[in-house]
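Dropping a structure here in structure tokens format, bear with me for questions.
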Amino acid sequence: MNNLELFSRIKNLPLVSSKLVNGFLAGNYRSVFKGPGLEFDDVREYSESDDSRFIDWNVSSRLGSPYTKTFREERELVLFLIVDVSASLRTGTGKVRKKDAAAILSSLLAFSAVHNNDRVGAVFFTDRIEKWVPPRKGKKQVFRLIEDMMDLKPEGRGSDLGNAIRTVYESLHRRGICVVISDFRTPPIWRELALLGKKHDVIALKITDPSDFDFPVSGLIELTDPETGATIYGSGRFKTFRRKYRDFWETNDIFWKRECLRRGVHTLSISTEDDPVKELLGYFSSRRGK
Amino acid sequence: MITFDFPGMLLFIAILPPLIFLRHFWKNRGGRLSFSFTIWQKEVFKPGIYLSNLILFLSSFLFWIGFLLLLIANAGPSLVSRERIYLTRGIDIIFVLDESPSMAGKDFLPDNRFESAKDVIKTFVKGRDHDPVGLVSFGKNAVLRVPPGLDYEYFLEHLEGLQLMDLGNGTAMGMGIAVACLHLDKSTAKEKVIILLTDGDNNAGEILPESAANIAAAMGIKIYSVGIGSSGEVPLEFTDPETGKIYRGMFESGYNEEILKEISEITRGEFFQALSPGALNTIMSSIDSLERIEKRTRLDINTTSIHRELILIGFILILVDFFLKKWIFREVL
Amino acid sequence: MVSRPDAFLLFFILPPLFFVLFKRYKRGKRDLSAIGGKWRSGLLMDVFLIKWFFSSLLIILFVIFSILALAEFTGGGKTTVESSSGVDLVFTVDISGSMLGTDVYPSRLKRSTDLISAFIENLPGERFSLVVFKGSGIKIIPITEDSSSVNTVLPYLNPDIFSSEGSNLESGIRTAINSFTSGEERKKIILLFTDGESFSGNTSLLSKEVKLKEITILIFGTGTDQGTELYSLSGEPLIDDKGNIVISRQNTALLQELAVSENIFYLNISDSSVLNNSIDIINKQAGAAVISNNKESRYQIFLSAAILFIFLYISVRIFPWKNTF
């Protein structure tokens, strides 16, 4: 799938995103924020788009430039996306790559947040932080985010999720919802995840591919890992090979689920084969039902 | 030994290591599909070593061996064997060995006279170079054991097989010489020699030693006669080959020195007395050095080119690798 | 000139090769779409097609040129003359039971030994050796100028002198080959007397070895195709398990099969001109000079091409196309 196709799919997302609001943002997460009306939150430098009514004159005079008060509305949330753009996502055996599925899911979530008048931000990571998009409101922000995601040429190849989570933990002061979109082929992140979970609501969204569990039946082929460059012989015609392959990744998946749940992190696996919109809607509607 | 018609072509073997590196170890090499199978910095999925992996390794190995063989074949390899060709005819030597029971005399330690004689003949023959050797033995009768020829292996084998008393009790010395002469009749050698080893007096056979010696002299055959053993009482022990009975006892030893001397004189040979194994050895080596002629030889170099075999093997190895990988393992790329 | 046309038989591997290459294309496309992903199948198929085409072409060229190299096209060359100084003849006589067959008068064995005597008489000054074989070969007389020693033994040849059973032709010929001594430029000739019946041993490799050692073999078929009954010592005909009288026939086909090579001749002992014919052959072989024309093989051109093609074949795989594979 090229960017054009992807973009045309993303363009239609705002329509479905409204449906997601109910389940995703208006649902469970509503309850975590209490208190009526506006709530003073923070000060930040004044920009033209800001309402002049909220300029904090005390701070402004002290710092010599205009600062505006920010308020947290009761229903104003921060949705923060932690998106894996490592090389391992640039693979897949289906119609789309994992990377494309991740893009669609991030866009969908971002749209739904904006739809709900919430702020949305994101961090793109590989073995380093590739791009940091601070939380903002508005449709513009979503498109900027999507554009960033599309144009991003990651410098790193690996996937250091722990590092990304730590950065988010340290930089995001206000309570929000963090969605980790990755294939979770990362070093152990349980400590970081637990830490983040204390402060924010965390959802681990795993992008999977059919070939993550069953090696495709095919002749002998030399495979090279896009992240490490390691090489093995893949031979989908050999039962031993396929069994070992399945065991390895299935164990890994089970372990991931268990460790996430143990730290109060919700898990969700979405395959590149499936329609991400349907899967996501299905997931949140089922959660609401609980 | 292998030689090459175009050794310069061997330089092309130098392309093999870089090629093997590029094909199997280069990190940007082609023929691989990108496919994620590792967990970053944590775990790599390893299929482990099983039979098919091993076969694949072997298959690649065969391919490179095949490649190497083709490169070697391209240098025009030949097997070279050198053969020494004798241009001059050697000396025909026939040993005439006494097989009578008295040869069992134990004055030749560690064994007896007979075994000592066999030993020295063996050493003598091994020291000869392209001289036909034959063997006649006599007891009551005389028999040709080995016709004069260059098959030393055959000679030594039959020399080893000689047994005392095989030809009865007696010393048909004249017959022995006559038989030897008879079988030298067809010889084209310029020099013909009979080496007679005996410890007794002629007491059997229709031909007298002297008349036999005359025949030899007429044929231009030299006879070296060696009298074995000391005179006097000598202990003796031997096994009768027919009955298997072991005989022990003492006997009055002594050969007829006169006759032996005469034989040698008639044929312009020499007579020697061997009182001990050491003496026998010395005598044989002096005969050895007396009977030497200069030999002209030339080295024949035979080259057999082996490129075809190498091409065939290399070709087959490469195709085996091809069919194994592409057909049995169904390699995709 | 093609000196090894048998190499062209290897062209028979081309059809299976084409088949494998064709199957590889079909399977490759299928497998690649299964494992490579549809999102990039266009690119993968392009690269696959290019690489498949070139590697297939190159492997076919490699096979063709290797076969041409193996065919040994020759031309030019140099003629070498070797003089030989006489002949070494090894008489190799089958003394298995069937050699007592009387379809040849007075018997196959007796006729053979008579012929040997005639050879010795007609070839004065040469060297002779005598080998007999039954279950295995035995050197009776080593190579010698002393023809009388061979003559002495001949009358005593009969199946009973060795107890080993059978007729091991291979062992017989091998013993004969080993009878020759080195160090002289004499022509080596084996005169083989056998009826070729119920022989054992593998003679397939012998002809090559014999040729390599420049040995000439004259095979004398001692029996007839009609065959004869065999008699036991008591004078009664031999009878097999089913009660039929055993008929001993010469295995002419086998003997002629052995004689396909240019340095192996087949003759029948019952032929009236057998002695003259074989002495002619021997004299021709022993002729003062051996002229051998070692033509130079032009295999190198083809082999170099084959090596180049297999090198390119590997290279096609090694270097990734369009950053893909």
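Order of writing sets the labels: A, B and C. Residues in every chain begin at 1.
Note that a residue touches a chain if its C-beta (ideal position, glycine included) is under 8 Å from a C-beta of that chain, and two chains touch if they have at least 3 such contacts.
Not measured: the values here are computed from a predicted model.
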Which of the two pairs, A-B or A-C, is linked by more C-beta contacts?
-> A-B
Relative to subunit A, the most remote chain by C-alpha centroid is chain B
For which chain is the distance between its Cα centroid and the global protein Cα centroid smallest?
-> C
When the C-alpha atoms of subunit B and subunit C are each averaged to a single point, how far apart are the two points in Å?
-> 27
Cα-centroid distance, subunit A relative to subunit B, in whole angstrom | 87
Report, in whole Å, the distance between the mean C-alpha point of subunit A and the mean C-alpha point of subunit C.
-> 78
Where does subunit C touch two or more other chains at once, residue-wise?
-> 27-28, 31-32, 35-36
Residue numbers in subunit A touching two or more further chains are 91, 211, 218-219, 221, 234
For subunit B, residues that touch 2 or more chains besides their own | 31-35, 330-333
Residues of subunit A defined as touching subunit C within the complex | 1, 91-97, 100, 211, 216-219, 221, 234, 236
If you look only at subunit A, which of its residues touch subunit B in the complex?
-> 86-88, 90-91, 127, 158-160, 183, 185-188, 211, 218-235, 237-238, 240-241, 244-245, 248-249, 252
Once bound in the complex, which stretches of subunit B touch subunit C?
-> 6, 12, 15, 19, 22-23, 26, 28-35, 67, 70-71, 73-74, 76, 83-86, 130, 132, 134, 144, 146-151, 154-155, 182-188, 300, 304-305, 307-308, 311-312, 315, 318-319, 322-323, 326-327, 330-333
Subunit C residues within the subunit B interface of the complex | 4, 10, 13, 16, 20-21, 23-24, 27-28, 31-32, 35-36, 44, 48, 51, 59, 62-63, 66-67, 69-70, 72, 125, 127, 129, 139, 141-149, 152, 179, 181-185, 212, 297, 299-300, 303-304, 306-307, 310-311, 314, 317-321, 324-325
Could you please specify the touching residues of subunit C with respect to subunit A in the complex?
-> 27-28, 30-32, 34-39
